[in-house]
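Report on the structure given below.
Should a chain be cited, it is by its letter among A, B, C, D, E and F, assigned in written order, with residues numbered from 1 in that chain.
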Amino acid sequence: MSTRNDGRSPSEPRAVTIERGFARRSNGSALYRCGGTTLLVTANLTEAVPGWLEGKGTGWLTAEYMMLPGSTSPRKERRADSRSTEIQRLIGRSLRAAVDTRALGPRTLHLDAEVIDADGGTRTAAITGAFVAVVDALLATLGPDATRTVLKDSVSAVSVGIVNGQGLLDLDYVEDVGAEVDLNVVRLGGGGLVEVQGTGEGGTFSRNQLTELLDLAELGLDLLTKAQREALGADWPF
Amino acid sequence: MSTRNDGRSPSEPRAVTIERGFARRSNGSALYRCGGTTLLVTANLTEAVPGWLEGKGTGWLTAEYMMLPGSTSPRKERRADSRSTEIQRLIGRSLRAAVDTRALGPRTLHLDAEVIDADGGTRTAAITGAFVAVVDALLATLGPDATRTVLKDSVSAVSVGIVNGQGLLDLDYVEDVGAEVDLNVVRLGGGGLVEVQGTGEGGTFSRNQLTELLDLAELGLDLLTKAQREALGADWPF
Amino acid sequence: MSTRNDGRSPSEPRAVTIERGFARRSNGSALYRCGGTTLLVTANLTEAVPGWLEGKGTGWLTAEYMMLPGSTSPRKERRADSRSTEIQRLIGRSLRAAVDTRALGPRTLHLDAEVIDADGGTRTAAITGAFVAVVDALLATLGPDATRTVLKDSVSAVSVGIVNGQGLLDLDYVEDVGAEVDLNVVRLGGGGLVEVQGTGEGGTFSRNQLTELLDLAELGLDLLTKAQREALGADWPF
Amino acid sequence: MSTRNDGRSPSEPRAVTIERGFARRSNGSALYRCGGTTLLVTANLTEAVPGWLEGKGTGWLTAEYMMLPGSTSPRKERRADSRSTEIQRLIGRSLRAAVDTRALGPRTLHLDAEVIDADGGTRTAAITGAFVAVVDALLATLGPDATRTVLKDSVSAVSVGIVNGQGLLDLDYVEDVGAEVDLNVVRLGGGGLVEVQGTGEGGTFSRNQLTELLDLAELGLDLLTKAQREALGADWPF
Amino acid sequence: MSTRNDGRSPSEPRAVTIERGFARRSNGSALYRCGGTTLLVTANLTEAVPGWLEGKGTGWLTAEYMMLPGSTSPRKERRADSRSTEIQRLIGRSLRAAVDTRALGPRTLHLDAEVIDADGGTRTAAITGAFVAVVDALLATLGPDATRTVLKDSVSAVSVGIVNGQGLLDLDYVEDVGAEVDLNVVRLGGGGLVEVQGTGEGGTFSRNQLTELLDLAELGLDLLTKAQREALGADWPF
Amino acid sequence: MSTRNDGRSPSEPRAVTIERGFARRSNGSALYRCGGTTLLVTANLTEAVPGWLEGKGTGWLTAEYMMLPGSTSPRKERRADSRSTEIQRLIGRSLRAAVDTRALGPRTLHLDAEVIDADGGTRTAAITGAFVAVVDALLATLGPDATRTVLKDSVSAVSVGIVNGQGLLDLDYVEDVGAEVDLNVVRLGGGGLVEVQGTGEGGTFSRNQLTELLDLAELGLDLLTKAQREALGADWPF
């Protein structure tokens, strides 16, 4: 069986590093690297909620996702496009699955994922990195007790796909472009699935292939949860 | 076991009617009703492709999705929002799975899904109805032979979910709001999966629940494919 | 004298059908067909007024007009253009002539005219159909007594024009494009003129021609008022 | 019979002055004053046509209308609103009635009407002043022979209305706000009507009232045509 | 030494005329001409402040700058561009240096500079003219005593530059385009510098050149302050 | 004499670090830190020029400047504002002073300055960092010979100001907010001034103060040029 273009085996994810506190003015932040992909995720808490939640006592979490112009080659125009819109909705839903917005009180957690280098898997990297930034933002603003109350679980995400008929974990950009099937999976640390988004890119897939891809994704998610735990060390809130 | 608020059993979809040619100036169109949900889908072919496809000989299919202001109560402001953006990307990907854009030649198929009454399942209804409009648009512009060449298969979509711990087929609006898990499945007539989008709404789901929901969805998709075939009658292109 | 391309005599309008309640979630709605022209008009009442009317005790009526992308051949881009702006201002002014906004109280009636098939006369069709939707919206929300208080009269509109020197009632698209003069007339059921908008399209017109066209328009407006009355039946509020 | 708030009789228009060449960098321009209303209209010819006219050999005339922020009290926000859109469409149609766009060749005449002081009648003032600016722009760029070929006739516009039951010529702002009926009339110098736009503001009007108002308007238009002719002197192109 | 294209000596500014009250509906206004450059500046006071100043008891002064489409040849599109943004920020800062916004109370002074003819130096002309409009606006709304309290000093601005190695005062458009260095200086009547903006256009400049240009600018600013004082006559507030 | 809040002497700048190649997909990039201020500047070359330069054989350099939402506390909304517009124009002009756009050929250098942490001096940091990114982008795309041809000199920028009557070099955020005078100076490595922008913030300044501030700025610019040279090492192109 042929290896991948960077020498990885099919079920081998790229190396992940998480640098906490990279943006010092934000309540929490993480510089997240996964192979050639680099993102800065910042988390900031504000004492207000969107209009439709006012007076309801509950909080909110919202996310923005931006590919910086220099993150691709050739340079990408700086503007919101429909893909970004789809992705930031996914990030928001995913993190809300880990946060008890009622326990947050009438506050909003703002996540901003800035893609510095785009080499595949930016949307799942944004989710995995955002969790670390959220923990730090809650610790810095509400303290450790409230952080434990507000957070229900950790959350991470990974992409898997079928390339040339072979299931692969953690696709890089070249693999992603050539994939027949692409599946993003978001899961809580405790194992509950949050999002499963599978797409046949120009082709279709079977129930059996879906099962194979989910198995591969869960493998990667175990490792990502471990990376989050190591990055947070004694600040791991559970 | 309790029945649903409109008396359906858990695995019973809502009645579907498809009225072809409702918008007479479009190349193809369908007024699609599914219970209390009504959409108009129009399909039009233009002799041009987006800039990034020019000179490549291949065609394109793109979709817009709009909730008309009168489709909800209270009235909805007329503007593109992030949910619409996410949905029209899904519609476009789904229909492209059934269309050989290379065989289409340098043309663009424009789909417009206008929601007239929103009672749950509008995004999947848009996909199922769009297929009928596409067939009629291709027949009217390229004729039956080319239609058979351009179309690889039929495509339909359905939503399923878990409400109060119970898997339900084809959620209406009230069920959708109360669902713990929401799954949209897009499938070709031949059985290949095109999109699987599962979301834990405020909760999570297990691999077993995903399997149960996929089984339920496939049941509904068989019936929707049948409804498409009946609506098209002798014009069914396969 | 030659007949028109659809066989009508110069003073013969196209057949009109009005289907009430087509959009079930709106307070009132009408699917309005006039020959090859089809519009959906919805009417919805909200318990708020624009900022500049706040605290004045009076209500407001506002209209939006949209040609759906599939309503023309070739497909029309989905965006507000200056023609739509002009038309929705006309619809708003025309319906406000029939409504006592002071009696409405601090509420806003929102009209949305969605053009499904554009074959000429869409702006006048929108006005005539809107009146039926408004009656139903008021009945559904405020009841029959308040409806009679709020409505001062019925209102309808028609287009007339001069084509090849001949005055014609109710122009279809082909006639409209070829018209030397185009006149839209809005009138209350009781006979008072609300709007008279005559335009020489590439030519000019005389006072005598204006008189001839107004006579023709009034003929059509009598029939449209009758069609509105028949559609509303026992719900006719005067 | 009571006189008007500025002492005019009902059929007496406000004094008009037209200063040619006020904006020296434009091909043609006019500072147009009518009582308390002041506009600057500039006319500029460019060697290009809108995309939909390319290759057809014919030209175009287009207009923009802007109330400068300082033209009203209190100050008006600087932005295009729906009223401006409606007005600039009227200005464009009106001037195109006087211009042979085919004889213009593949060029565009851009009119810009900037309202410096708004005291009623700005849309009709813009039309009357624009004609003078157009003549000067054509003379400066194409010369007197081509100007005579391109211009079919002069064009002017006036507003009339019914205030407290009395027909009045050339309404100022206070009269306009209180008018029961408002009628704008655009006419060529030779007498052909170009636009007739009558609106019942909160009320309606009869055929007889329309006739009375048209008579009054034609009186004013005779005087405006005379003012244009005097302003242009030897440059009057007919 | 060669004279300039309009015959001026290097240290000779263009003639300035200031016509007060040109826009009669504004609280204050000035038609400012400087050689071939003409601007209308209006000043209006509103009883409100921007959101971020609410409840702080202090006022604000803000400016907009617009090149009217007819002010250049060829015609300029009507839209805010980045140059306008930069200029209106400069105008606002400059006039705020002359105004005690605390003494103004919770009000906003809106300045609108409309360029009618652009022949160089429009941003500095806008500042010099704006001061006259501001005095008239304060006199008209708050009276002479408050005007003296609110205004700390007069303010004027001038552009200087180096063209072909020669320092020139008050550049016209042709000189501005050919300048190696361009310097705008804003100064209070009392001599305090408010803004110094020097730019090497395609080249650089030395400290000595900067000194020479500042000397030249101060010469021009003395004359402009004198022109403001003459225009205001007995209304000069200091 | 009291020291500054971070213990610096008045003429002591903050420590600068420049990390080249931080964004790996860009042609050139620099992570620039100056005390608590951090920016990422990317530089990318495209084989096209803006429309107004097409066919002229010359190139262009353009800049965008963005404060990322997480760069301030509280979080800043993600949108272009007028301050950003002013700053990106300054960055563009400054870098164009160091680049021979004619030698660049028909290409555009795109600079993107992303502010990660905003602690004062971000606009000058963007200029100083951008030069390093530009060198790397030119080396990576055109090679060392062309880089030497295209670059005329290095360029750097610094802010100085007067706080409590004392001239200070390299203001941090707290100092900037309290400054009476703020001066940004852009200078080529060879000593030629490119931009001098002095602003009296709520006050004014004298010619002597301007001289004192320029002396202070030149001190800082010598050090910044040295830092650029050290960061580039053997790649220093002059």
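Convention: a contact is a pair of C-beta atoms (placed from the backbone, for glycine too) under 8 Å apart; a residue touches a chain by one contact, two chains touch by 3 or more.
Only a predicted model underlies this, so the values are computations on that prediction, with no experimental measurement involved.
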| item | value |
| --- | --- |
| Touching both subunit C and subunit E (chains) | D |
| Graph separation of subunit A and subunit D (steps between touching chains) | 3 |
| Touching subunit B and also subunit D, the following chains | C |
| Centroid distance [mean C-alpha coordinates] between subunit E and subunit A, Å | 52 |
| Mean-CA-position distance for subunit F and subunit C (Å) | 60 |
| Overall pattern in which the protein chains touch one another (line/ring/star/complete/other) | ring |
| Starting from subunit A, with subunit F taken as the next chain, the full ring order | A, F, E, D, C, B |
| Subunit D-facing residues of subunit C, complex | 82-83, 85-86, 88-89, 93, 96-97, 187-188, 191-200, 202-207, 210, 214 |
| Complex interface listing, subunit F residues touching subunit A | 22-27, 29, 36, 38, 40, 42-44, 46, 64, 66, 68-75, 78, 110, 112, 114, 116-119 |
